[in-house]
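Shared between the two complexes below is chain A, which pairs with chain B and chain C, respectively.
Presenting the complex of A and B:
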């Protein structure tokens, strides 16, 4: 294929304004962006940096309540999108510019088969006939290395796995052979092992069709694999832009350097105390949802002041183990001991004090905090409920806890959760569990929904609290970088079984169990050649489905 | 051709040209299509038709003006956060609030406002309007205007009480069923199915003839009939909230069901419940009116809009609009309540961000 390198997208002085509190507020302040044919540009930055907004603007589109400001110019292949009428823009989108969203599961219509959704755009724009388009879809599925490419299209979205769905979505974006694809965090919701399949598939197909792409993500290591050029954004402003290699080796701006440094946080590994009873001891636990067994013979111990990381892909039974410990899902066999005494299997049979001892922090702070309850009450309720505090005492206690999580009490006391940022919400989630004065906290993927800088802040906070209060953490995660930084001991789970466990330093030095090895090697590294090297090692075509049940 | 017709078209064309000149697209389209429609109406209906168009437009403009002033009045009067919500409210909401406010005043101060008692016979039957009686007399010679004022108190008060009771029962049971689940959920669900499977009018007739017709029974019967709908809504909305992590967190804390319902679930399901309240209120209103019409609702001589329509129905054949006035009172309140509910829904659904 001839490699045409003319300029495809030329954005000049892009200003985007959002409407809030009866005013238009500028959220993107004059971004310039030039994208050549066949080039992949990575847009990175934390949430609120305006990455997605810019991505959408490249299609001449803004979300409701936003508008493109005066003096902005978005030129796509010689066409000025800011002045193009809606109808023309609509035929442009889908046909010449495609969009791949973060959550494929939410973007596919669950009521139609994959292939019918795939053929919709080509049929609408009369590019292909239905049969032609179906044939083409199958070919794309094959190129994206989906299993059974000739049949998978006739399934419904819920009948394929998350990684497969994300690839089907990429295939759909390719249906009209667009000149530009915008990928908005396409792998953020996926496991490391699945992420690799999607990344390599996307990279190949973009390469084959000489498609230009904007790749939006907050994960540096991912963007390093995908992009030719990286643009770093902060609060609607450009920080710097450079090609991937020089950006990684020699970042100029302080902010970029801080992004690079995030992965440096590492806490001192605490050895297991000798001759003490473990705080929490999971003994030979089996559990099932209805008739489907999910856990089989799970055993591990957690000691006071230690962090045990439980890792594995989704569906490996990490969260289910947590549910067994909290008593939400009574185990069918085995028991959970707290300081040597067995806990009642059902949380309803536990005493107030037993409930107080074990607290939980959730992955999605959005759903873990009641949006209609004030911060003061969210934190105050457990304190009042367990310790019987009220009046000024309760207020002091809440202030004290807010101080602990490094939020200013006078500012946040009377706010509601929706007014906070993701990281602040997660801190409130931590505060709520601290208010109960527990000895043991289950952290269920607490950092996976957060940006790296924010996530690091949360990890440091958790570490600080652990040292101050001698807390024990059970840290559920699929992110091995997090495990590296915070864990003392590691438990690796697969298919509801513990495949390997031990102290962190032992676990991270070879030889590993085969599955641990797969997990470890799948964590993206900052080296731009990492993906290519890894795929070569694994042998690209053979492995993609081996670990996907 | 007289001056009225010339003025009518001149005004319409002039204003639509102005709208076009100042690039007010919507206003121009509206005014100009009105002009074109008026051409046809003027040809078909003559001057009379144009007069009615003028009066209608005047009425709309007048209510818009009233709504606007009332809204501004509330903005000035209310505390800051409510005032902000008021300022962004659509005119329809201002209109709805104004109508509800007027009805409330009429109901509360009925004895002071009404010139005569609701049961006082002061004239001959069906006497036409004169300087004593603003709207004429009803079939027994009672003052129609006074009875409408008193009707606001009786009919609206009863409907309001019945709706509140229906909501108290339905929402509590629904949210409880959603929280507890299991057998109790099933049991309540089936009871509700049984109640809903019986046509409401027939069911209420049955209950009222068993327990007798007085105000308390009436309220309870209506509440029982309407509670199932509220139950269903509350249960399904509650069902979506119960699966949230914060409910799990509260359960793990050891909170009781009553706390869960009151503090965690209810605040998150109030929006659809409030919307439903507005709708149900109107339905209850219509059921009360219907029952009164059948003679099983509010008993004479107590003034009630529903029965007033029935009692004066014969006048329709003589081309009088008297029986339509209480009907219009019902219709106006229904529309007003729904305007306000629409606005509340709009605010709570987060649509305001767009």
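Presenting the complex of A and C:
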């Protein structure tokens, strides 16, 4: 990709320590990293691998409560950043090394217009006058294919969509034409269709200006599109490094192989049982938030022992449908049937038995579990409420449920949620819903906040529980890989309507509905040429704003 | 902007309702006091006939609700009745006193608010340094000392020993603004010392609260200098809680200054209220309480509107 093969960034034996419980603990253990001018290196690994910490260290920056350990060396273009005074480091940032953060919505200051934030660094370094810099910003917006490039900068962050913000942030990083950009999970928070636009925009602009980049992500397929070289990290150590092609074709380390193989889990597809009434039947449901209609004529059935995956982009009405089924949001039209009998629209009018039948598991186990309540009580409370158990009976029941979710009761019974890992917390979330002895569970993006290996464990557990208890799942997700592994039937939603539904094998074989096709083809694949091929097929400038109605 | 107007008018309506409720409480509280106005005016030795005649004269023999609505109806038009002591209309007695109190409060606020916010920004910038600690200790000391103590200390050092400022803050309408400002400097300074700490600490806390947000980190990673990160990137988003505390302190400056007025012999409404209470001059007490309540409600409304206006989402809808 680059003709100029001089070394831009040379990190040797990088050690980073974090302060916790009054001790300095090493979190990055001696990483070496060499990046040439114009080269893009992908840093991948699960959460806690130290990817972001390393990315920030490349700017000579550590988060509050962290420090760079002794013996580390970070050399940027001949300058040793570990011994450079803060004031000089600061004048590098934004000017020669820029940063693109994960959540553009949170990383733009809500109080200022986009373009004022864009011109801040060029004005600070007196590289450009205000008008020049604004002109340059508009030009960059145009190159990044933002709509109305001459006007969009004068909006406030909340007036612009997530994908557009992420591109505006990439433009902002380019403002001073830096030598190096750190991309920290820039597309993780975006829908697949939006992700493509941002990925191709980033790739083009990095190419055009021959900028070197560290591309941090946990998504292998994404990094395959972006990087020349990939480095795999695990818990602050390097696992291996190789150029993208050989890394994908021939990973050496067992850990890397396990990452590659993570999508192997596929449950056997169950056909609809004949001659039975569906467990849950959503019939012509309309719903609205205040005066804003969000659902229109939504209908689908869920049978016992089956998993129906509801897919769509953010704002398509997936979670709202779940709220209608549980009675949290009474539909304005239509009804929800349980085994053929209509359920009262408002959960307050439902009987205890109707309530117990439908349980929910949430995306963020962190916030869905009360951190001050013991595990035994989190699981015990619904068990006592719905089944009237108490005393030793209740304890036995909680132990039983903990066994079901594969956590040792003797170890976890008396612990609190903050002492658990992300995957364990999600298991407690599952346990809490099981305690009500439901027949139907709504899983709302239950794996999207988890690392891939952990997520796979959760999917396997859900599958096991389904087989044992003949549970029906409604699986809300935007991740089509998850759909492939766990669904029996698929419902595709867009703008509050069902666009297509059917058995999984049918849904994943062409011909598709145009929107389903767009969704499916937007899921990144491990092939490093996937993005180029796809963009060619779609016509490079087909920069469709699919997420805006 | 239509949204903001409707929010403001809703709050204003709620404010009026609150004021009505408060007027009932004030009236009720005065009713509950042992003895009545006639008793208070005529003293312990009054005969039953005298009392009855007095009650009839004042209209006290009628039912409480009727008297309440009469009082309220007059109060709305600015007529709070006559003082039992001086027989002067209450509104007349109050208006100059209230103007004096407002003057002193504004004087103190003009010094206190900028100083508090400036100091708040400085201690946020130099957080956890010696400067931060010293500023905290000094302001906390001043807020923890009783106002009369602060007042006397200031009189001792700035008036008695050095003679820089007058110790007695008696003002009248004939004085020039400069003279007035000079005369009232010490009471104003006392009040500044009392309110600065609260506002400063809230400014510091709400700025530091935002320092962990991603957009502040982004600003740092763009190479924005530390002072600019605070002034440009956190302060505009930190206003809402600060404005509320400022309003609370402004209300305090108007309604809580009795002690300062007494120490400096300042003819404000606080002194009037205290006098009226000791002399059982109920119409004056009621009027003062109502004015204080209205002040609180108006300032809180202003704070609500202020925090709404600092929210870019409401100022610039999609």
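In this text, the second predicted complex is superposed on the first by the 540 of 549 C-alpha atoms of A that agree within 3 Å, B and C clash if a C-alpha of one lies under 4 Å from a C-alpha of the other, contacts with A are read in each partner's own complex, and residues count from 1 in each chain.
What we mean here is this: a contact is a pair of C-beta atoms (placed from the backbone, for glycine too) under 8 Å apart; a residue touches a chain by one contact, two chains touch by 3 or more.
Every value quoted in this text rests on a predicted model; they were computed, and no experiment measured them.
Novice: Just checking: does A:534 make contact with chain B only, chain C only, both, or neither of them? Give me first, second, both or neither.
Specialist: neither
Novice: Is A:213 touching the first partner chain B, the second partner chain C, both, or neither of them?
Specialist: In the superposed model, A:213 contacts neither chain B nor chain C.
Novice: So, A:124: does it touch chain B (first), chain C (second), both, or neither?
Specialist: A:124 sits against chain C, while chain B stays out of touch.
Novice: Name the contact category of A:109: first (chain B only), second (chain C only), both, or neither.
Specialist: The answer is second: A:109 touches chain C but not chain B.
Novice: Which partner does A:64 contact after superposing on A: first (chain B), second (chain C), both, neither?
Specialist: In the superposition, A:64 contacts both chain B and chain C.
Novice: Once chain A of both complexes is superposed, is A:226 in touch with chain B (first), chain C (second), both, or neither?
Specialist: neither
Novice: Examine A:432 and indicate which partner it touches, taking first as chain B and second as chain C; both and neither are also allowed.
Specialist: Touch partner of A:432: chain B, not chain C.
Novice: Have a look at where A:364 lands relative to chain B and chain C in the superposition and call it first, second, both or neither.
Specialist: After superposition on chain A, A:364 lies in contact with chain B alone.
Novice: From the superposed pair, tell me which chain A residues show up as contacts to chain B and also as contacts to chain C.
Specialist: 64
Novice: In the complex of these two chains, what residues of chain C are touching chain A?
Specialist: The touching residues are 212-215, 217-225, 232-233, 236-237, 312-313, 316, 318.
Novice: Provide the residue numbers of chain A that touch chain B in the complex, in ascending order.
Specialist: Where chain A meets chain B, its residues are 20, 22, 64-65, 326-328, 347, 350, 352, 355, 359-360, 362, 364, 367-373, 381-382, 385-386, 432, 436.
Novice: How about chain A: which of its residues touch chain C in the complex?
Specialist: For chain A paired with chain C, touching residues are 56, 59, 61, 63-64, 90-95, 98-99, 101, 103, 106-112, 120-121, 124-125, 155-156, 158-159, 172.
Novice: In their shared complex, at which residues does chain B touch chain A?
Specialist: Listed in rising order, the residues of chain B that touch chain A are 88, 244-246, 248-249, 251-255, 263-264, 267-268, 353-354.
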